[in-house]
Amino acid sequence: MSAGDFIAILQGAVVTVTLSLVGILIGLPIGLGLALLRWGNVPVLARIVAVYVSMLRATPLVTLLLLLFFALPNIGIEIDPISAAILALVMNTAAFNCEVWRAALMNFPKDQFEAAQSVGMRAAQRFRRIVLPQIVRVSLPGLVNEMSLLIKVTPVLAVVGVVDITRAAVRIGAETYEPLPPFLVAVALYAPIVFFLVSLQRWIERRQAAAEAAA
Amino acid sequence: MAGTSKVLDVAGVSKRFGDVEVLSDVSFQVDKGETVCVLGPSGSGKSTLLRCINWLEQPDAGQIYVSGSQVGVNRAGLVMNDRELSAVRTRIGMVFQHFALWPHLTVLQNLMEAPIQVQRRPKGEVRDEALALLTKVGLMDKQNVFPSRLSGGQKQRVGIARALAMRPDLLLFDEPTSALDPELVTEVLAVMRDLAREGRTMVIVTHEMGFAREAATRVLFLDRGRVVETGPPNVFFAHPETERARQFLQRYAGETSAGRRSA
Amino acid sequence: MIRDFGIVWSERDLLLSGLANTTILSVLSAGAALLLGFMLTPALMSKRRPLAWAARGFVDGMRCVPFLLFAYIVYYGFPSLGVRLDNWTSGLLALTIYNAAYMAEILRGAWAAQPPEPIEAGVAFGFSRFRLFRRIILPSLLLAAGPVIGNQMIQIIKDSAFLTIIALPELTHAASSIQSRHYVPFAAFITAVFLYWGLCLVVEAGVSWIGRLAEARR
């Protein structure tokens, strides 16, 4: 593996990280929106969200990606690999995030809600100032966990031609007839990123546990 | 060989945890039918002593014999293996402070599990005996209930029945009522009193002075890992010989008359 | 659109064999991973530092590696060690080794949450090592860890789809093949999605059942 190959893999890494970030940033608020729809028991929509989330959580990302990439052009929507990748990532992570947000919402202590109502706060205010800060705190470990899981599934984007780490590694392997080294390099690049997120999650959990013990 | 006629023979048992000597040269014997109550302040090593008898804790020195067989060391003089310990332990019944019932089994299954699995006794016989024991402790109607649905007093009565189901030579009680709410203590002590009356051989670590006074045939007073005093309860409670025993009784005398009614 | 589904229906044998492969692969690797996990957990909690560190390194390592890359490494790596493996075997191996790490962590967590008293009672009543494990420890452990193991099972089913990359004829591969030959992408993949959903619903039903057993005893 030459230096040029290594750089190709690094470039792929940049693509991977960028796509992951985009997926995470878009997926977080959408997941919250879905969770609110279910928690608020909005008629019809709540049921649709429930079914959507159940299906998305059961669908492998690669299957979803292939579905979007091949089926959308078929019904007239042209889509390039990158957009298909982002769409698949967002649909996937939003469903998982929804469940994390929903757990936090369901465990939200009712009396706090009532206290806010009784001092005359209106719905939007209640949400913004009382509910949101606390469910963000509670959801944090689960959301960070989901982020690390998202990064771990990005290799699959190579399947539709996105030139991320995996695609670069596959190409180099095919060219040099030595498939193993580029994959090992790819792992060496992925592992620290995931490790960072996993450590972050553990740190958050420890801090929250300590805060709770002190309280 | 020492102690062949005794149910329990403890000789020179010592145990340290780190640099704390929890038991120092403890010796005593228990005859068949005796009810020995082990009393003492916290940290005196009472529970550790009990747990050494069935080798849940391994003593650092001394010998222990149950019905003539040594516990923990086999005939060759080597430390017993899993199987040998298992055989000895089936003769010793234990009742735990926190009940320790098996949560995945019903009350009846809790009673039947060890006799069937460890003693390999036939299921029908074990079942009949288990039902009889449940009737004896007054919990026949709870036989198919899971332990989590029982009150503390009920759990402990099941714990006692479970120990009896093994037909043990010796029954050990490790502070059986310490984890119970005061109003539930009575029902458990009543069962234990019946057992004493029936002539069961029992060693009971307890803080229930009233019970010890009434039901024990002998009292063992432990302080800082040593047997300080021993004797029949009427002697011990009325005329303690040692200063430590006197101090201890003074502290608890208030409790028996004021706080807990010793039914 | 109806015509498309008609085409998929005509290829149902291929889809069903893909489904069968996915199911068999998932069940086998889940079972093997659980077994390996049971062997790994004592190592994780061992007092012997080197052993515990090695186990912890393996578990954390698997957690940080994307499964797809790991599958590639197993598939391409073993031949360089001189062992020829077909795609089925390397897929099964990759799934098993990868998830053994997760199972070990799950079991360790469940074990740490076990109250020690009932186990000590087991020892006091004469249960020796193997019987103690089988009759006293294991049932409690499985009841506690059931839901989490179920989730891991769903993860395994989804990870198996990655193996289409190494041309393993599982469900996604079958759907891909149908769509590339007949140009019916939506029908083919949506059918696959529904089949995956069905599999997961079965697993979730199993998890619910264990959850009910656990709840009765809680």
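Chains here go by letter, A, B and C, matching the order in which they are written, and residues are numbered from 1 within each.
Following the convention adopted for this analysis, a contact is a pair of C-beta atoms (placed from the backbone, for glycine too) under 8 Å apart; a residue touches a chain by one contact, two chains touch by 3 or more.
None of the values given here were measured: they were computed from a predicted structure.
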Looking at B-C and A-C, which pair shares more C-beta contacts?
A-C
In terms of mean CA position, the chain most removed from chain B is A
Chain centroid nearest the full-protein CA centroid
C
Chain A to chain B: how many Å between their CA centres?
56
Averaging over Cα atoms per chain, report the distance between chain B and chain C in Å.
46
Please report how many Å separate the Cα centroid of chain A from that of chain C, as a whole number.
21
In the complex, the residues of chain B that touch chain C are 54, 56, 82-83, 85-87, 89-90, 92, 94, 96, 98-104, 113-114, 117-119, 146-148, 162, 166
Which residues of chain A touch chain C once you look at their complex with the stated criterion?
54-55, 57-64, 66-67, 70-71, 74-75, 151-156, 159, 166, 169-170, 173, 179-180, 183-184, 186-187, 190-192, 194-195, 198
Within their complex, state which residues of chain C touch chain A.
60-61, 63-70, 72-73, 76-77, 80, 154, 157-162, 164-165, 171-172, 175-176, 179, 183, 185-186, 189-190, 192-193, 196-197, 199-201
Going by the contact rule set out above, which residues of chain C touch chain B in the complex?
117-118, 120-129, 131, 135-136, 139-140, 143, 216-218
